[in-house]
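Structure in structure tokens, see below.
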Amino acid sequence: MIPVSEHRYRRRAQFAEVDAARIVHFSRYFRYMEEAEHALWRAAGMSIMPPDHTVGWARVGASFDYHAPLRFEDEFDVLIRIAKIGGRSIRYECTITRGDTRIATGTMTVVCVAERDGGMVSTPIPPEIASRFTVSAEATA
Amino acid sequence: MIPVSEHRYRRRAQFAEVDAARIVHFSRYFRYMEEAEHALWRAAGMSIMPPDHTVGWARVGASFDYHAPLRFEDEFDVLIRIAKIGGRSIRYECTITRGDTRIATGTMTVVCVAERDGGMVSTPIPPEIASRFTVSAEATA
Amino acid sequence: MIPVSEHRYRRRAQFAEVDAARIVHFSRYFRYMEEAEHALWRAAGMSIMPPDHTVGWARVGASFDYHAPLRFEDEFDVLIRIAKIGGRSIRYECTITRGDTRIATGTMTVVCVAERDGGMVSTPIPPEIASRFTVSAEATA
Amino acid sequence: MIPVSEHRYRRRAQFAEVDAARIVHFSRYFRYMEEAEHALWRAAGMSIMPPDHTVGWARVGASFDYHAPLRFEDEFDVLIRIAKIGGRSIRYECTITRGDTRIATGTMTVVCVAERDGGMVSTPIPPEIASRFTVSAEATA
């Protein structure tokens, strides 16, 4: 199987995601980015949280810059790319577009964690997971 | 400790809870009712999900009738009452008011469950929990 | 155009919709039902909130009975049916299924409203909207 | 009235905000930061969206770094500070703590906008708003 470096996830803005300013609430973009992340994992033949999971993926940083609003029932694309894979972390970049309009650009860094003594500690990314992903040549950072 | 039969929970409507019609989205009321439920449990000296929990509380039914809207920054009261306690279930009634205005009335029925073989099965309410609650004389059903 | 009486909407359970019990939070079902409602309107050739809307659709009642849980990444169907059309209101029925498993059954009653003096008052359903819908023969109430 | 430069907002983590990893979902922090922003405005004697508002506050950037998780029913503080006030924008810094534990640090930049021709354009911050705020001496950027 060819390693996956990016995924395009299509979504429609739902009514409950739109706020009193009649645009999608800015916090929603982080959910769109995460939905795209999980779709990327499925495209790589995996679930990010299978029933028998031994590792989890703690978010250690996330950001978005907002360029143009999304409105109710807009269809848009969430393009997520792997910008970096470290021994214990993955950095994603994300671009949201509606047709030719650039809506928002985001980043998210996640760390591979395992449960220990009721808490979570960072742990090396299992090789069977790391081997399914590769850094995108289009990533900017 | 005197058993608890009801609890009044004070809340303010937040921006992200308001939809494009500039009123609180109808799905939010179910979260307000649940927040009040958990505040009721705390008022009874318990957490509904302590770290060492052995039982959970599956929702089997929930409803709301909406009488008047809530708007951004409105302060309101969520009054939750225990309407019925069975061997394995609790039925709550809920009234949301803003000052003298009746906003919404809801119900929620929850069943005590335990994990078994990866699923959930109903189980008797532990007596140390049941003893902390009593049916409200004000409940209508 | 043939009037529309029901619509089947396909959805996947997302991570942020799953709660600490690792099942979809019960309040989410009301959003699924509303998403299906809006997809029904699109299937009837309309938007429920077009940019130039003159009427809105206030929710006056909503309920769900929960039969089986949904888990992370489950794919499921939300079947929404028109159970009743009055002069100023529509009653929907909704059944959520995952394959052959019945997950939940819901209802929602909405009233056609127009803005007046900063508030909302009920108003007759415009005939150009009413003519696009018809009651489902499968509805139970 | 003395201009306001920061505000401490107290919150409790609610059940529906906790995800399948049993920690508060990372997207929620952006809502906590916004709730604190609106509490800061109230502390300054204003609403960020009064019924007769002529300007709005578009989010143009937001970020969080996550240091430690929040769990169900945790009580925590959201400290929001004004880091910069420009002619048309405000930059906030935000620190979330639970007791002595640093949970997360965030930033948010908002631009003052007015509606024009159905869209939004940036506009100078009205002086009666700008005069109520001042930059915090504690802000880092």
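Labels A, B, C and D are assigned to the chains in the order they are written; within every chain, residues are numbered from 1.
Simple rule for what comes next: a contact is a pair of C-beta atoms (placed from the backbone, for glycine too) under 8 Å apart; a residue touches a chain by one contact, two chains touch by 3 or more.
Owing to the predicted nature of the structure, the values given are computational and were not obtained by experimental measurement.
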Determine the set of chains touching chain B that also touch chain C.
A, D
Selected interface, A-B versus A-C, where C-beta contact pairs are more numerous
A-C
Looking at CA centres, what chain is most distant from chain C?
D
How many angstrom lie between the centres of chain A and chain B, each centre taken as the mean Cα position?
33
Dist(centroid_CA(chain A), centroid_CA(chain D)) in Å evaluates to 24
Chain-centre distance (mean CA atoms) for chain A and chain C, in whole Å, is 29
Residues of chain A that touch two or more other chains: which are they?
15-16, 20, 27, 31, 34, 49, 72
Contact set on chain A toward chain D in their complex
20-21, 26-28, 30-31, 34, 49, 56, 58-66, 69, 120
Residue ranges of chain C in contact with chain A within the complex:
14-16, 31, 34-35, 38, 42, 47-49, 72-73
Which part of chain A faces chain B closely enough to touch in the complex?
15-16, 18-20, 22, 25, 27, 51, 72, 118
